[in-house]
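Scrolling down, you'll hit the structures one after another.
There are two complexes below, and they share chain A, which is joined by chain B in the first and by chain C in the second.
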Partner chain A sequence: MKVLSKQRLETALNKLSEAAEVFVPMQKGGQSGFFSWQSFKNEQDELMLDNLNVYQSPKGVVLPQTEKMYGIKTQGVEINIDQVYEDDHPTLIFGARACDVKGILAMDEVFLTRGYEDNFYKARRSNNVIIAHACYTPGDNCFCYAMEVNPVDPAGADVIIRDSGDVYVWETQSEKGEAVTAQISDLLEDKDVKLPELGSFKIDVDYTGVAEKLKTMFDHPLWDKISEPCSNCGICTYVCPSCYCFDIQVKMWGDEGYRFRAWDSCMYEEYSREAGGGNPRGAAKERFRQRFLHKLEFFQERYGTPLCTGCGRCMVVCPNDINIVRIIDAVKEAEVND
Partner chain B sequence: MTDKDHKCTCDEQPLVPTIVEVIDIIDRTPDIKSFFVRNADGSGLPFQVAPGQCSMVSLLPVGESMISCTWQEGQEYQEYAIKRVGLMTDELHRIEVGQKIGLRGPYGNGFPVDECKGKDMVFIAGGIGLAPLRSFIKYCFKNREDFGKITILYGSRSQADLCFKEELFDLWPKEPNTEVFVTIDNAEPEWDGHVGFVPAYLEELNPSSNNAVAVVCGPPIMIKFVLQSLEKMGYSDDQVITTLEMRMKCGIGKCGRCNIGNEFICLDGPVYYLRQLRDLPAEW
Partner chain C sequence: MKEITNKIQEIATRLFNEDQVDVFLAWEQTGEEYRVKPYFARSAADVSNIVFNEYCIHNLSTSLLKFRDGSDRIGLVVKGCDSRGIVRLLEDLQIKRERLYIVGVPCTGMKDPLAAARNQSGFNNKMQTIDIARKCLDCIQPNPVIYDELIGPENPPLLQGERFAKVKEIENMSADERYQYFEDVLSTCIRCYACRQVCVACDCRTCIFDEMKPQWVGRETNVTDNMMYHIVRASHMAGRCIECGECERVCPVNIPLMLINQKLIKDVNDLFGPYEAGMQYVEGAKPALSRYDEKDPDDFL
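Let's turn to the complex of A and B:
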């Protein structure tokens, strides 16, 4: 098997950066996330390839937190769209965990299927390569196995790397992956190493049948109880590797400006408030219910997979101790009238 | 619903508007104006809109709003009847003829006009809710022989708030096999027509459900009671059609906010048979 010695990791990242902007999990200032390898400063930043989940998933590589769409010039009654900002510069995500790769696959379904291809997303994604990092030791908040994610063999990766002591085993998975492998082929060695075994998950949860049961639970009193602590702060949507909802806004300085989109959150009252004042999800409970039904029922019905990838981030960051695993358990235990 | 497919008629940049010119503006009521648009170079329309479909209307620097196209006249113009309700529509009501605005679309499924052919049509609208139905009503009159009896029931708060008055009082009543009924909420000195709410008037008129389809649009509270009345009058869930509205940003089922259950109203709707709505969470 092909392996990459850990001693050669930085050389490999430098080499990969010649052809693409390489995003690597690192601690940078107060936040951890996937940042450009070119911005890595040895004395300040810390590589976090060994950590399971950095604070922010790599979703921003394909769906940036804010993204310019097109430039506008006005003159009196005239309007010109003078530039469409499709960003197709090559990007490479290095070391994404299976749950985060699944988040991007879910976004592929949203942005690239069902009649319309989102050209901005497509431009980024078609020149994006994913090198996934297999997980063998589940963390305290991991439950990906329950959400159709295989931590050891991440679906949708172009290359999978596996940590085996001093080396990463390097497995090419796709045509895009072959190109990347060729790029650093002189750094790879042939060596047979022992692969670790997948350890046991600390969280025991079963999603089977939850989407179907939720279909009958829209008006269930359970929502009153479990939504009560939620302050609709939206941090769960911010750190979620698969939350993709966006807003479109405009920025003008005098006669010039641009339209842009930005991450939005179903937790906010304005999100679904209509101009006439109506709001189908005006109450905090209704927004809470929307988020969890979207994750666990609606997305499953529409796209055939849940929109939760079991990464556990939302449970860690929630200031009010709301826990999606306990919600799945509560749904399973809830009594419903047929 | 995973096999649901949509036919995209837009170009390869569905979120980027085409610039069109406002060629005429008509005051319909104190807070509703009709905006007539066509390509900025005068050469027809940027896209074709079917009855019930919507477009994203974009006014800089304010914003974009999803508006049901109230009529497309051949290749000549599209008409959008827009009520002043918020930031964007407030600004829109201040523009003048000649203003360039952005337009993208068409979005949504539109009315099932072919499935309604051969049926008696009952159109029930309140306020600005007549704007989307008007595209279907005018389609029926353009293809008059394809439809049976046409009944139009329209209500608004006051006489001044009645939209499309010329059509309601002069043009549509002259169409063959057509009845038009208009009501306002409260009595007014200059009004000798019907006074009262739409649902009660509907039950009074009691148009037969036999081989009929009812198409309903108006304020949520009106829709709610009209649906109850129609049920009482013997209309099945397959004989009632409505068109929904939600806040929208993208129009193409991506941005997330206009969902009801697993449906995106911009893409899968906005037009639904009542039987389809019964399967969705009660957020409509």
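Let's turn to the complex of A and C:
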């Protein structure tokens, strides 16, 4: 098998950075997420490849939190689009876990299938390569196995790396992956190493039948109870590897400006406010319910897979201990009147 | 802690049985010791779910905002800082005193459940110490300032050393250094608004940041819009922040929000004081900056 010595990791990242902007998991000051390798400063930042994961998922590489779409100039009643900011510079995500790769696959469904292609997303994604990091030691909050994710063989990866002591085993998975492998081929060696075995998950949860059951539970009293502690902030949606909702807005200075899109959160009152002032999800409970129905029911209905990838981030960062696993359990246990 | 739990359960049961409250706000444990969340008991039957342990750090006075439009009579448990939050809401006319039955718990400093969750997550390589939450080390008021019933003896403040040491450090920077410092820390904000949502002083019905017509603050995550958000929010806190530190505790990118709040606390005290927000409830009293006096400093006009 092909392996990359860990001693050569930085050389490999430098080399890969010649052809693409490489995003790696790091701790950067108070932030923990995927950041550009070019921004890595030895004395301040820390590479987090050996950790289970980082707080902010790599989704921002293909769907940035804020992205300019096009520039506008107005002349009287005439409006001219004077610039389109489609960004197709090559990017490479290095070391994403299977749950996070699944998040990007979910966004592929949304932005590239069912008869509509989002040009901005497509431009980024077609020039994006994913090097996934096989996961053998599930953490305390991990339950990807229950959400159709295989932690050891991440679907959708162009290359899979596997940690085996001093080396990463390097497995090419796609044509894009072959190009990347060729780029660093002089750093790879042939060596047979032992692969770790997948450890056991501490969380025992079963998603089977949940989407179906939720169809009958829109008005269930369960939502009142479980949404009570939620303070309706947006942390869970922003650290989530698969939450993709955005808003499109305009900034104008006199007769010039630009249109941009920015992540939005179903937890915010403004998110579902209509032009006339009405709001179908004016109450906190309704917004809370929307998030979990989207994760566990609506996405499953439309795309045949849940929108939760079992990464466990929301359960770590929630200020009020809202826990999606307990919600799945509660749904399974709930009594429903036919 | 077990004794306090028992006492809280006893009081809550009595309040339900005597029909003095419709809901009782406390905490519930959902897993490991640090898995604690705000819990709203609705009847005596729910009371056995209530716990009080050293991770019950959440400021429950903020939860009162969920009830401000109703007529429910509410019992709740507060520590020193949380009780100042109640004073905040009473002064802001958000809730009536007679709707509340306040159970005070003198605080010895809490542990941070988020820090514990982070340590357990596998996302951190450096373990944070969870002996005592960082916010509690700045505590000047561990004992409830308003209550109907107090559980246990009062405790001394936890603050050691100078109160505004870090603020003074920043004040001593040059203007450029200071700007750079705040640009650095605020540029990382992801605009999740968790700091606003957990803040008891953020009791506006419609937040300025949610307004669209006009849109006061842009929705881009960049230094300009982020600074606008944080500076406007901070100035709304002047004379109103009760120093519970929840904003900084919940921030997922570790922005030192209390540093900004403490600067305002210090300035309000120096310029309009002596003043300390939410330290006592006097009916009709107003926060420092919410009334006008002809003697107010106006040199800047």
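Quick note on the criterion: the second predicted complex is superposed on the first by the 338 of 338 C-alpha atoms of A that agree within 3 Å, B and C clash if a C-alpha of one lies under 4 Å from a C-alpha of the other, contacts with A are read in each partner's own complex, and residues count from 1 in each chain.
Here, a contact is a pair of C-beta atoms (placed from the backbone, for glycine too) under 8 Å apart; a residue touches a chain by one contact, two chains touch by 3 or more.
As the structure is a prediction and not an experimental result, all values here were calculated from the model.
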item	value
Three-chain arrangement built on chain A, chain B and chain C clash or fit	fit
Contacts of A:G30 with chain B and chain C, given as first, second, both or neither	second
Which superposed partner A:R114 touches (first chain B, second chain C, both, neither)	first
Chain B versus chain C as contact partner of A:Y303, first or second or both or neither	first
Touching partner for A:D247 - first (chain B), second (chain C), both, neither	both
Contacts of A:P319 with chain B and chain C, given as first, second, both or neither	second
Contacts of A:S126 with chain B and chain C, given as first, second, both or neither	neither
Touching partner for A:G278 - first (chain B), second (chain C), both, neither	first
After the two structures are overlaid on chain A, angle v-u-w for chain B, chain A, chain C in degrees (C-alpha centres, nearest 10)	90
Touched partner set for A:E46, first chain B, second chain C, both or neither	second
Partner chain in contact with A:Q83 - chain B first, chain C second, else both or neither	neither
Least Cα gap, in Å, left between chain B and chain C after the two complexes are fitted on chain A	6
Overlap of chain C and chain B interfaces on chain A (superposed complexes)	247, 249, 264, 273
Residue ranges of chain C in contact with chain A within the complex	30-31, 35-40, 58, 62, 66, 113-114, 117-118, 120-125, 184-185, 188, 190-194, 196-198, 210, 212, 215, 218-222, 246, 249-250, 252-255
Residue ranges of chain A touching chain B (in the complex, touch as defined)	69-70, 72, 74, 77-81, 84, 110-111, 114-120, 218-219, 244-250, 252, 257, 261, 264, 266, 271-278, 280-281, 286, 290, 293-294, 297-299, 301-304
Contact set on chain B toward chain A in their complex	1-2, 4-8, 10, 12-17, 19, 60-65, 85-89, 96, 98-102, 220, 245-247, 249-250, 252-262, 267, 281-284
Parts of chain A lying in touch with chain C, wherever the complex brings them together	27, 29-32, 46, 48, 50-56, 65-66, 137, 139-141, 228-229, 231-235, 237-239, 247, 249, 251, 260, 262-265, 268-270, 273, 284, 312-313, 315-317, 319-323, 326
